[in-house]
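Below you'll find the structures, each written out as structure tokens.
You will see chain A twice below: alongside chain B first, and alongside chain C after that.
Showing the complex of A and B:
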């Protein structure tokens, strides 16, 4: 799994581009990368999942840990460009009811400007 | 017993004939030499779990399914139950026998396929789930007659009567959990391949029967998501969800579509295969020998 971090200073949003699979073999790396951002007070996070083909239960746990931590710190963790295989797992697990999903990164970033995170 | 590797379970959720997708998954796992340490089946999924645990090849399982799962299963009415539903006091409504369809044929066919086989004698450990009618709890059948356990697991309310096993009145497993990954977790699986299906919603509702099906789908789909979400998060077993996509509509008894359903199961399993291979390779080095 590859992780690229891109800060959008204008809206105080950090975009995390993830490529590969979010699963038990990669989830610790992802949690670590996301936690690094939160520790630096970057609490408005957008995960660009356009390059993610799959997630398992370990991936779901990683997403939930980050979501809870971001919200606890006054921010949020939002998903963009979720591909169908990942969407199916998110839907099956009921995650679509607790995570905010957007069709693309631009929409996810803009959502933070519409109301405070 | 497998050592020095993960304990792998296949959980087949409820989904009528769609559960035949599990045969496609079985074909892919067999080709890749990935053995199963247990199989869990719920509702119609229990039929395929039973066939796999019995050691039948995918090809044989497909042939048996085509003979077993046909429209005739619900063809004959249970007239007494129908009358009891209309006049319960007069005709002494009996919950243990209440099913609007005669279950003689399904019992005969299950007996024909599984004979007197017992769950505890299966080549692969088998767990069949049902629901306790008295309190709604998930009941796991890990011993006893395979045919009786499957009959209990497919006791679709209103259609087929409940089944009494070990003193409990049992109904369809989907009412407690449509995709019971918790059973595999409880029995020590750390890699769980879960094949699940949402119940289809009705295109139009023009009869009380369709109305009931729609309500059932709404409730079971919400239950599926809440249970699957909870167990995915609450445990550290790795759950790999396989959700075959059917572009063609597959109805309850579309047995003629079994070939197509199996293909979709194979395709969905192929998608997860690279990760499954990596995961099992990592487990070989990470897990201590038993």
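Showing the complex of A and C:
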């Protein structure tokens, strides 16, 4: 799994581009990278999941930890470009009702200007 | 009772139940997927179920610092894929795993506790036995064609 981070200063949003599998072998690295952003007061986060074809409950754990922490800090954690296999796991786990999902990164980033977060 | 049919091609690996061996265990699933040319959806379901089961054994099966063996076997026949995970850990019946509340709000969602739920959702049959030596033998079945699903068992067996 690879992680690339880019700040979009115009919207005060940070995009975390994730590529590969988010599983028991990689999820701790993801939790660490996301937590690093929150610790630096970057609390408006978008995960670009266009490069993720597989996740397990370890990945769900990473998403939930980050979502709870971001909301607690007054921000949010939103998902973009979720591929069908990952969407299936999100749906089976009831995560689609607690996470905001967007068709692409641009829509997810723009959503922060439309809704307070 | 999930029976292993004659003629099924078996892939098997026994290793120590530690995180460092998870990639090798998952590699056995990749071998089965490649050799049997399993479709993307079945492959994804098998990977998910095997990862969840193996991680449960690795993280919770044995006392900390004293890991024991885990044996993964995958049998493929034209109708189905049968996964067997055996260990010598404390017996644990997955039908006793709590069912998560999928409608809970964010504040009420616990971190974790979704592994067995996902296994039950993506596999067609689940059967647990305590082996004579005292460990666990878990059999998971995935039908290769959805039209043959359920002819030999109950999809919700793991929930009962």
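Heads up, the rule we're going with is that the second predicted complex is superposed on the first by the 117 of 117 C-alpha atoms of A that agree within 3 Å, B and C clash if a C-alpha of one lies under 4 Å from a C-alpha of the other, contacts with A are read in each partner's own complex, and residues count from 1 in each chain.
Here, a contact is a pair of C-beta atoms (placed from the backbone, for glycine too) under 8 Å apart; a residue touches a chain by one contact, two chains touch by 3 or more.
It should be emphasised that the depicted structure is a prediction, and the values quoted were computed from it without experimental measurement.
Enquirer: Label the relationship between chain B and chain C on chain A in the superposed model as either fit or clash.
Expert: clash
Enquirer: Quick one: is A:93 in contact with chain B, with chain C, with both, or with neither? Answer first, second, both or neither.
Expert: The answer is both, since A:93 touches chain B and chain C.
Enquirer: Just chain B (first), just chain C (second), both, or neither: which does A:54 touch?
Expert: Both partners, chain B and chain C.
Enquirer: Which of the two partners, first being chain B and second being chain C, lies in contact with A:85: first, second, both, or neither?
Expert: So A:85 meets both chain B and chain C here.
Enquirer: Once chain A of both complexes is superposed, is A:29 in touch with chain B (first), chain C (second), both, or neither?
Expert: neither
Enquirer: Which partner chains sit in contact with A:71 here, chain B, chain C, both or neither? Use first/second/both/neither.
Expert: The answer is second: A:71 touches chain C but not chain B.
Enquirer: Choose the clashing stretch of chain B with respect to chain C from the list 20-28, 92-100, 110-118 or 200-208.
Expert: 20-28
Enquirer: Name the residues of chain A shared by its contacts with chain B and its contacts with chain C.
Expert: In the superposed arrangement, which is not itself an observed complex, chain A uses residues 23-25, 53-54, 56-58, 60-61, 64, 85, 88-89, 92-94 for both chain B and chain C.
Enquirer: Sort out for me which residues of chain A touch chain C in the complex.
Expert: 23-25, 53-54, 56-58, 60-61, 64-65, 67-68, 71, 85, 88-89, 92-94, 97-98
Enquirer: Mind pulling up the chain A residues that touch chain B in the complex?
Expert: Chain A residues touching chain B: 21, 23-25, 53-54, 56-58, 60-61, 64, 85, 88-89, 91-95.
Enquirer: Residue numbers of chain B touching chain A in their complex, please.
Expert: Interface residues on chain B, with respect to chain A: 196, 198, 224-226, 228-229, 232-233, 235, 237-241, 243, 245, 271-272, 275, 278-279, 282.
Enquirer: Can you list the chain C residues touching chain A in their complex?
Expert: 19, 22-23, 40-41, 44, 47-48, 51-52, 55, 100, 102-106, 109, 111-112, 114-115, 117-118, 121-122
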